[in-house]
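Since the structure comes first, as C-alpha cells, the remarks are kept for the end.
As written, the chain order gives the labels A, B, C and D, with residue 1 at the start of each chain.
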Amino acid sequence: MDTISLVFFALAFLTIVSSLMVVSSKNIFHSAIFLILALFGVAGLFVLLEAPFLAAAQVLIYVGAIAILMIFSVMLTARISDSGLRHTNEQVPTGLAISLGLLIVMLYSLWNTPIPVSEATPTGGAGHKLGELFLTTFVLPFEIVSVLLLAALISALVIAKRDGPLGGRGAGNETDEKREMEQGARPGN
Amino acid sequence: MLENAWLIPVFPLIAMVAIMLVTHRNRMLSAGLSIAAMSIAFIWSWAIALTVWNNPEAQRFSFEWLDLGPSMHIPLGIQIDGLTAMMLIVVSTVALMVNIYSVGYMHDDPLFSRYFAYLSLFGMAMLTLVLADNYFLMFVSWELVGLASYLLIGFWFEKQSASDAGKKAFITTRLGDLGFLIGLLMLYAAVGSLAFKDVNGAVQNGTLTGGYLTVAALCLFAGAVGKSAQVPLHVWLPDAMEGPTPVSALIHAATMVVAGVYLVARSLILFGVAQDASMVVAWIGIITSLMAATIGLVQNDIKRVLAYSTVSQLGYMIMALGLGGFTASMFHLMTHAFFKALLFLGAGSVIHAVHTNDIREMGGLHSKMKITSWTFLIAALAIAGVPPLSGFWSKDEIVAASAGHPVFMALTLLVAFMTAFYMFRLYFLTFTGTPRDHHRSDHAHESPLTMTGPLMFLAFLSIVSGFVGMPWLHHGFSSVVYIGEPHHAEFHLSTAIIATSVGLSGIALAYLMYYKRAIDPEKIAASVKGIYTTLYNKYYFDEAYDVLFIRPYYVVCDAWFWFDKTIVDGMVNGAGDLGMFWSRVNAWFDETFVDGAVNGVGIVTRAFGLTVRHLQTGRVQNYAFVVFATMVIIWLLQ
Amino acid sequence: MAAIGINHFLALSAVVFCIGVYGMLTRRNAIAVLMAVELMFNAVNITLVAFARYVTPETATGQVVAAFTIAVAAAEATVALAIVLLIYQHHRGIDVDKVNFMKW
Amino acid sequence: MFELDKLVKAVGDVIASLVTAMGLGSAWVTTVQLAVAALVVIVFAAVVVLFLVWWERKVSARIQMRVGPMRVGWHGLLQTIADAIKLLQKEDITPTNVDRGIYFWAPIITFVAALAVYVTIPFGKGLLVSDLNIGILYILSVTTFTVIGLLMAGWSSNNKYALLGGFRSAAQVVSYEVPMALSILGVILFTQSLSMGEIVSQQTKFHQWYVWRQPIGFLIYLVAATAECNRTPFDLPEADSELVAGFVTEYSGMKFAMFFLAEFLNMFSVAAIATTLFFGGWNGPFLPSWFWFMAKTLIGVFVLMWFRWTYPRLRVDQLMGFAWKFLLPLAFLNLLVTGFIILLVK
C-alpha cells in the first residue's frame, strides 16, 4: 500500500466517520464540530486531488465562515432541554432505507459506468488557472455569484434583524430575549 | 358657399339638440335658438338662390357614406340647382316666418321649448330633403319630416283627437312611403345607384324603360300621393289640422305636403318616359283637386277649408306635372307656399283671437283685426288668381299647361272657380258682416307684432313672388327652374282673361251669397241636399275606409283574438301546465338525485381531501423524503 | 489493492451524499438539517473535483464549478441561518417538525 | 557567513541517508524530514513564546514605569520558565458539567492551529519547512481553526462568561478575516503568487518592500491582525473586566498554558507574516537572514504589545461597526485603486 492510498483511506475514514457523527450525534454542538472535521477531511481529499487552492478555499470558507456561523447559530438557539429530546423524527427507518437504497443505486451506477479517464498532467491547482477561468470563460457566473453573495448578505441582515421588516417581536423584549438566550444557550447537562 | 350648403340643415339640428338637452328650461332662449338657426338657413338659402339665379347649372357635392363592397356603395351628397334653390327659399322663408309667428301664437303653451325643438327638427329634415342629391338621402329625410309631422300634429297629445290625427297621418303616409321604398329598391336594382343624376341618365339612355319603369314611377308616385295627400290617401291632411295652426301653415300647407310634388318633379324625367304613369299622375291630380275643392265649398271649420284648399292646389300641381308642366307646377308650388302659409297664419291669428275654428261663430272681425284681415284678403285674392298677385301668374301657367287637354282645362277652370268661391266665402263669413257670436267677438283683438310681422312679410311675398315668373322676363323663373331646356311660357291673353274671369266670377258669387246675402246658401244646400250632405261628409271617405278596411280588420282581429284566446292561449297554458308538472318532477329529481350526486361529489371530494391533505405535512423533510424515494423507485422501475 | 482512482472518490462521494440525505431526512433540528445539506454539497464537490482531476485534467473546469458551489453554499448557509434565527425568535425553537405552518 | 541554510540541508541529507539505509522509500524520507522539521519548529515556537512572555512583561512594565521581573536570571529572563514549570505541575481540573470531549480538544486545536502556521513562514534563507504554492492562503485557512478552538472552549465550559467570550471571538474573527484577506490580496496583486518564498524573493531591495506600495493595506492588515489574535484593543473575547477571562475562564494547568501559548504564537506569526508580506522578509544587508527576520518580526511584536498597553478596549458594537463600516470599505477601495494602478502601469 503506497502513501497515497494510505492517505486516501485515512481521509475517507475521517470524512465518513465524521459525517456519520454529524447526522447521528445527539448533541448538536458535537454535530457541528464533526461537520468541521468532515469538511477538513474533504479539504484533504482536495489536496489529494491536486486542487490545493480549492482545499484552502474549502477550509477558509467552510470552516472559517460557514461552520462558525453554524456554531454561532447553535449557540444562539440550543437549549438545555434539547439534548434530552428526541433528536430525530419518525422518518428514521424509512430515511435509512432510502439512503441505503440511494447508495446502492449510486454505487451500482458507478460500477456500471465506464468513466473516460484522461492521463494528462493536471493543471490549475495553484489558482493561476482557476483565476484565468474565473475571469474569462466563467466570468458571467462569477459575476452572478458575486451578486448572489451580496444579495445573501443583505437578505440575511434583513431577515435576522430584530426590528426589521421580518423581525420578531420588536425591541421591547430585549431584556427578556437576553435572559432567555443566556439561560437557553447552555450545552446539555 | 355652395359646397358647404350641407351645413344649412346642420344649424337647425344643432338648435334641436341644444334645446332638447340644454336650454329646454328657458323658453325664450329655446325659441331664440330655433329662430337664429332658421335665420342662418334663411340667409344662406337666399344667397344660394342669388348664385343659382346667375348660374342655374346643377352642382353636386357628395361623399362616400356606406361602402359595402364593389357592388354596393351609397354616397351621400347634395345637389344644388334651380329647383333646390327655390325649395330652399320656400322652406327657409316659411319656416322662419312660422318660427317667429309661433313665438306669439304658442306663447302660453307649457311645452313651448319642445315645440321649437320639433320645429327645428322639421326644418333640418325638410332642408335635407330638398338638398339631397339622391333618393336615399331624400327617403331618409322624407321619413324624418314624417316623424316631425307626426310629433307636431299630436303636439297637444292630451287631446284624443290630436293624438288620433297624428297616428292617422303617420299610418296613412306610411302606406305611400311603402310604395316609395319599393320604387327606390326597383330603381336601385335596375340602375345600381340612387343618385338623381344616375337614375335620370339611365332613363335617358334607355337602360330603364318599359313596364318596369312605369311600375317604378308609379311606386314613387305612391309616396307622393301619401305625402301630398292625393286621392285616395288624402284623408289624413284635414285631420292634421288638429295640430297647432303655425304647424299647419308650415308643414301641412307650404312645405312638407309639397314634398310629394317635389318628388314627382325630381323624377319628372322618369314620368316623361313613362307616359302611362304620367297620365295616372295627371288624373289623380285633377280628381284630387276637384274633389277637395267641392268638399271645401261646404266646410265650416276655417282650417279644414284651408286644408281642402291645400289638397286641391296640390292636386293642381300634381296634374300640371302629369301634363309635363314642370316649370308651371314648381312656380305654383312656390307662390302657393307663400299665400297658403299666409292664409293659415291669418286663420291662426283669427283663432288666436276668438278661440274657435268655426266660421259660423265668427264674422265682422275686419274692424278688430285690420292687419290680419288685409293680409288674408291679399292671400285670398292671390289664390283666386286675381292679377297682378302671384297666384295669377302661376295659376295662369298651370291653365296654360293644361291647354292641350280640353278635359283637364275645363276641370282646371272649374276648380279655379270653386277655389275663388270658397276662399271668399271664408273671407266674408269671417271678417265681414256682423259678429254672430258677440261673446267671442268682443274679446277679439289684433295679434301681437310677432304674429302680424310674418303676416305682412308673407303678404308682400304673395304679391311680388309672381313677378319672377312673368312670361316676358328674359331671365325669369323659367330660366332657372326647368328640366331639359328652359321653357319660356308665352303669355296667352285669352287664357289669362278666361282664368281671371273665372276667378272673379267665383268671388262675385261668394259676394252675393255671403256678403250681400242676395242668394241664401241654405236654400241651395237644401235644394241639393244629397249632394250637400255628401260633400259635407267629405264623400264619406273616412266612413268608406271605416267600412271597407277598418271594420273588416276589426272583425278579423276579433276572430284572431278569439283564436289566440282560446286555441293559442289554451295551448300555451296547457304547455305551461305541462311544463309546471314536468318541472315539479324535475325538481324532485334534482333535489333527490342531482343534488344528492352533487353533494355526494362534494362530500367524497372533501373526504378525499381530508385524507390526502395529510400528505401535505408542511414539513420539508417529508417532501425531500418523497423526492429521494422517487429517485430510487424510478431507478428500480427501469 | 489497486491504485487510487476516480472510482474511489466517487464512491466516497456517494457514501457522504447518502449520509447527508439520511441526516436531512431525519434530523429534527433545523441547523442539523443544514449541516446534512452541507455534507451533500461537499459530496458533490468531491465528485466535481474528482472529475476535474481524472477526466479533464488539462482544464480545471470542475474545480471552477466546485468553487462556485462553495460560494453558493456560503450564501445559502447565510440566508438559511438567518431564517433559523428568525424562526427561533418566533417559535422559541427550531424543530423542523414544528415549523409546519405552511401545511393545508 | 552565519546562514543556516547549509546546515538545514546537511541535516536533511543525513536524515535521508539514514532512512534510506533503513530500507524505506522516498515517501518515508519526506515524512521523516517533515517530522523532524515540525519538531524543530515546535521547539523553536516554545522558545519564542517563553521569550515573548518575558518580553511582554518587561515592555508592559516599562510602559507603566515599572521594572518587571528581575529576580530569576538576568533581568528575570528565566522567570517564564519558572512559570511554565509551575503551570505544568498544577492539577488539571476538569469541571463537573463541562462537555468533556470538546473541553479536552479545544486547547489542543487552538494550539495546533497556531503552530501549523509556522509551516509556511520563511524564517530565513532556506529556513522554510514547506514552500506551499498557496502559502498565504494556507495561513489564512489554518488560522480559522484557532477560532474553532475558542468556540469549542467557550461552549464546552458550560459557563456564561466563557460562552459570551466564544460568541465575541467568533463574531470578531469572522468579521476581521475579511478585511485582512483583502489587504493581503493587495500585496498578492503585485506578487502574482501565493508562495511565501516567492513573495520574499521579490523584496530583496529596501525600496521593493511592499509596505511602500501598500501602505493602507499594511495598516488594515495590522489592525485586522491584531483583532485576529484577540489582543487589546480587540481583546473582547477575554476581556477580564467584563467576562472574567472569557473562554479560558474554566481552564487551568496545562490546558490554560496551551491557550496562552497559542496566543503568543499567534502574535508572533502575525508579526512574521507582516514582515514577510510588507517588510522584505529575511532580506537584509550584512547580517544573516534569520537575524533580519527575527529583528523585523520582534519589532512587529513590540508594536502589538505597545498597542495593548496603550489603547483602551473597544465596545463590542464599536468593534463590529469598525470592521464592517470602515475597514471593509477601505480595504475594497485599496484593492480597487491597487488594481487600477497595476493596470495603468502595465
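Going forward, contacts are C-beta pairs under 8 Å (C-beta built on N, C-alpha and C of every residue); 3 or more make two chains touch, one makes a residue touch a chain.
Quick caveat, the model's predicted, so the values are computed rather than measured.
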Selected pair, greater C-beta contact count between A-D and B-C: A-D
Rounded Å distance between subunit B and subunit C, as computed from the means of their C-alpha atoms: 95
Between subunit D and subunit A, distance of the C-alpha-averaged centres to the nearest whole Å: 27
Rounded Å distance, subunit B centre to subunit D centre (Cα mean): 117
Averaged-CA centre spacing for the pair subunit C and subunit A, given as whole angstrom: 6
Subunit A residues counted as touching two or more neighbouring chains: 2, 53, 57, 65, 69, 72, 89, 91, 94-95, 98-99, 102, 125
Shared interface positions of subunit B, touching two or more other chains: 621, 625, 628
Per-residue overlap in subunit C, given as positions that touch at least 2 other chains: 21, 25-26, 96-97
Inter-chain touch pairs (all): A-B, A-C, A-D, B-C
For the subunit C and subunit A complex, residues of the former touching the latter: 1, 3-12, 14-23, 25-29, 31-32, 34-36, 38-39, 42, 45-46, 49-50, 52-61, 63-64, 66-68, 70-79, 81-86, 88-90, 92-94, 96-97
Footprint of subunit B on subunit A - complex, ascending: 89, 91, 94-95, 98-99, 101-102, 105, 109
Touching residues on subunit D, where the partner in the complex is subunit A: 27, 31, 97, 99, 101-102, 105, 132-134, 137-138, 140-142, 144-145, 147-148, 151-152, 154-156, 158, 160, 163, 166-167, 170-171, 173-174, 177, 181, 194
Subunit C contact footprint on subunit A (complex, rising order): 1-2, 4-5, 8, 12, 15-16, 19-20, 22-24, 28, 31-32, 35, 38-39, 42, 45-46, 48-51, 53-54, 57-58, 61-62, 65-66, 69-70, 72-74, 76-77, 79, 82, 85-89, 91-92, 94-96, 98-100, 102-103, 106-107, 110, 115-118, 120-125, 129-130, 133-134, 137-138, 141-142, 145, 148-149, 151-153, 155-157, 159-160, 162, 166-169, 177, 180
Residues on subunit B engaged by subunit C in the complex (per definition of touch): 613, 616-621, 624-625, 628
